[in-house]
């Protein structure tokens, strides 16, 4: 099968190339680039020398040749390509924010400053957080459930909005707690840091080596575009039954968004996102206050609650091969998931017994972008979900 | 004047040497080291070649020669040296946790696993967060207020417990909000990251280059020893009048500690602490809820509140030469305070209008350790507070 | 097939595990560790969580279970294991220096301070620089040439001394020039730098993050143990016909060693070796001196020579899939071979037209250690030489 | 006194600001910037907040206000400013290459692509490698020798061409060997690496964090513009008597340039240059060949020669406060001179006894640029040579 990548010379595009080259079901790649059209990929990325000599096409020419199309373009450019793929019956996986908001045009417009031009596309798109929406994606891709890639059947055309890097990390960190009703009403705080590849290939002062090396900074405090995506994910996760009957009701204005605070930071490393979440426990899960002198519950009670929640997380993710709930004593660390599709998670209870602290680590370019896109392709086509994603991270 | 440093070959000790060498009032240094006694400092630290050839003495021999003594020892070892200095009438500035808890032996014991051996020492010690306790230190050092270093008068003997690195950063970040009553009742969250020098000179796996380079991790979640120090500082800051009459009352068990959650991280850089604080605003400072569809107040109202709080912070610190409240648009960044005694602070309001987010950056070895110790010495002796601390950070 | 790794918890051992897990012909691993015997590998290396749960055995117990044995031990410990493998007819690939000197016990002893205990083992061992000794390894492993792994035939027992990291990089950089007779009589200078993983897992001050981060240093100038290995390789390469008749003659004392100067440096990065070689050209290849004012030949002549030599290198390595001779305008860069088995090479002529400057980059842990060991295993067993080594490096 | 800096918003300009702020004789700064004219320096460099609020002027307006002018401009732009300063009798210190070649217009033109527009300026300029040309600078600045800054006398107008970063490091490394005649006729090889600030403030792909972090590369092999500057310095150093009678004669075309090979590398660190020099010893200093089996002289003889040369270097530099010849066992390391004006040097003899290997480290922005410029200012004005340059490097 041939995989097409529109925008193959951005960082996410280049990672897609790298991963798809090692995918057992992908025989060939069709690549496009506006800036480098006509050149070879290895002219732009010398790491591909001797491996990917593919010539960079116009995006238009690529679609016809491909069995699946990935678009790794700046936000706001995906619709026309999605439309063409739908017309031709080709699955379309979009790496930008354009298909992450389903039919909620208002949120998209508020944060990305642009209305939808073709609303129908968004009605049929699926948000591609695999662990959350695997079922939906499978359903759209193979409505009858009878055809499978193994039978040689092609999946239906569909549009997947591949999640943002921070939202992937934050959402996987909170998912079990939200879906199991552990979470109280308050604001969830997500304090996260990303490696510099998160800023992409564009040359900006903030990413000039001497100005970010050996230094840590916050940025876009309370104003990062990934905020509404995280917030929507959280709400969906705590209301899984919503689309059915008897769903929990929120005030209209809160229906789609969990109150959150999201603060991103820039860390002096190439890859990785580390998110630390502060999640207030629902009253019934909090350790009850004791009368007496101490403001804190006994250590033993905290440990028990901590063990219980770790067990709950571990069981929740036991069939997910890319989510690793860490054993006691370990903390999520970006270096240990580097270049892999893993999300490592550790859970902790604060000393007051009322807040769940979750740390989660992903490689922002893999599980946070290209890896999850390949995972989505695998789901769509009915391949083993880890095809092309078997890389084991090195510790160093 | 001669400054003595007990434990001059640890990282903090070595930084003290470096700073005191450039101090206009310090003519000579007396240095001690248990591990390297008899050697020259430059044998251990080749960066001092040609500059500090001082021989490393026994700690005992150093005290007699010094006009001020700094102790940069592991926790739990300072008391005997403090005692000797008090006997000899020499100011003693301790870099460990041993004198950071005043007479609150219980907290010290709970977190550092050791009782006090001489309680009287702690009754008379002062916690050396300069911006908070400048007055107290001056009072202890020059009770009459008539003598000054300029007159050649020597300060009284006193013990200063130099603050921890994280507590310094977190406390300066929260101080104006706490003292001005902006803060609500809830838990304050401090999410912070430190450079690897925070771990000191000891060779531990976590600080082996290949295992921490290009990687970010959380550690000691909810269990770091700086927690009670931060918590105490916050409580003191919000009850400044406490020691006088009419002070605000807290439940007995909360009297000394503000509920906080503190999560430290390890960042792949040499120096610096970046702390991000989430501080719930007191009801009256929150932006009032509007009826209607939006869960968020108008952007304009958030900006106004943000401006007001930035102004409040700026005015509060206007006479502090080492605290810089950043203008709108800038975020605290460790690289911009590297090697300096500055604490840079930026303030933000989250989009719900209810939480104050503060980011603060210091160099953990300078304002977070050796620099603040020198600042304390300056206060004790009545020198210009920035003597020896004039270094301007480089951006790169 | 089952691969055994003695010393699986050192850095090189852990890399072998990682690579062999992805090897299509390896079904299982048997791992040993002296320090962590009885634990799981993932207890020591959390990056393996969910992937390699193998229990760490005694080395003795591992040999019986394995079809091939890798030893990743400190220098001086391999002989007894090699002996046992030879007895049992199992190929043995040694990562230490113990089998890199063939029967030249004198050199080994001079540099590693230890005599051989079983000389016969060394008579039959092969030095495993694949590009140089592929033929010899194949010959030893399958003497008849009739049996192949595809036929299910097992290879003969043999011992491979896997090359050092610096020697691999330096030797591949010089090989075409030496074998083609381009090189003059003078000393070849190798100026190289390694990432910190080169120092292994042991906690040494030089590898403590704050003391090597953001800093570059030379070390062991003129005294690094890889010197004689490089020197021997160079001599072998320029006298390929030596073991046959009519070989070039060198003075007895120079017969085995090319005069070289090798200076290693430590660079603040995890992985990678960059070597820059200064190779005096043989008279006939130098650009001839022109009479007249300029001390330098015309740029055009330099460019022509440069093109010729690049072509020669390119052709020489055209069938080597792991050596990439870079096109004009590119320089070898460690980041572009990171985690891969590639050696990237660029060739240049200095402005006097008399010196060939070669830059070469490898990942010290892969082509410089574990990757090349797997390549050797592939050669021994007749697998595709890139089996398990298909990883494409990322640029970032 | 007022110091003017033309081009204060480049990296070198900003470093000059930082150093001059701490200079005891400088009362005020006048700063110019073409790109940021009218803004405050701290708007461009937030590290200066609270310290340098100076408004950025037009270069033209600055000259009249200044007692000394530094120009930190791109190459090829200094002449008109130099001219104006000469007219007004103000010392002019140029950080670009424009005044590094004295009256050798040909070399300048060959490497920088531009002729001189005012040759007279270059006849009177001095090359500002302080350790080499201190005397010349003093002579030009105070011809009578009677006036001194202490007497309030102003120095004469003069132009100093501040050396390049690589040439400073390489030249100090070779100086004692060259001037003492230790060096043979052959080519001297300089293999050096620089931190990324060496590339300045301009946003180039090579300096984009994700593409240079954790990676090492060579660049401009045999073609770096610092080559002729190094080469000229070496020739001057080995012919100190040249300008007098009886000077050593070289062939016309070699009169000004020592044959050298210079290879720069880019290392993943902010600051620092590490240069490793390979200098063939003159015959009489080589350890004589012994008959017999060994290709190498006895270790003892090498050590003796090594000690002799270290002593020679140490004595040569004993009165230079910014050059530190390291004791036996230490290697030059950029981290140990970081942010300081030091040049650390270590000397070694290769195992054949014929090549002197020198490693030298500087901070490229300080001794390699702004620091040396301040040192030149101190020489010109008769200040203590270390005024404003007392910073002791931190090890970490």
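Letters A, B, C and D name the chains as they come in the text, with residue numbers starting at 1 for each one.
We adopt the following convention: contacts are C-beta pairs under 8 Å (C-beta built on N, C-alpha and C of every residue); 3 or more make two chains touch, one makes a residue touch a chain.
Because the structure is a prediction, the values reported are computed rather than measured.
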item	value
Most distant chain from chain B by Cα centroid	C
Of A-D and C-D, pair with higher C-beta contact tally	C-D
Centroid spacing, where centroids are CA-atom means, of chain A and chain D in whole angstrom	50
Rounded Å distance between chain C and chain D, as computed from the means of their C-alpha atoms	38
Residues within chain B bordering two or more other chains	11, 195, 197, 210, 212-214, 268-271, 333, 336, 395-396
Chain A residues touching chain C - in the complex, by the definition given at the top	11, 14-15, 18, 21-22, 45-52, 197, 213-214, 270-271, 321, 324, 326-327, 330, 333, 336-337, 339, 342, 344, 365, 390-396
Touching residues (chain side chain B, partner chain A) in the complex	187, 189, 191, 193, 195, 210-219, 221-223, 227, 251-254, 257, 259, 261, 263, 265, 267-272, 274, 276, 278, 292-295, 331-336, 338, 346, 348-352, 354-355, 357, 359, 361, 395-396
Sites on chain C touched by chain B in the complex	11, 195-197, 201, 203-205, 207-210, 212-214, 268-270
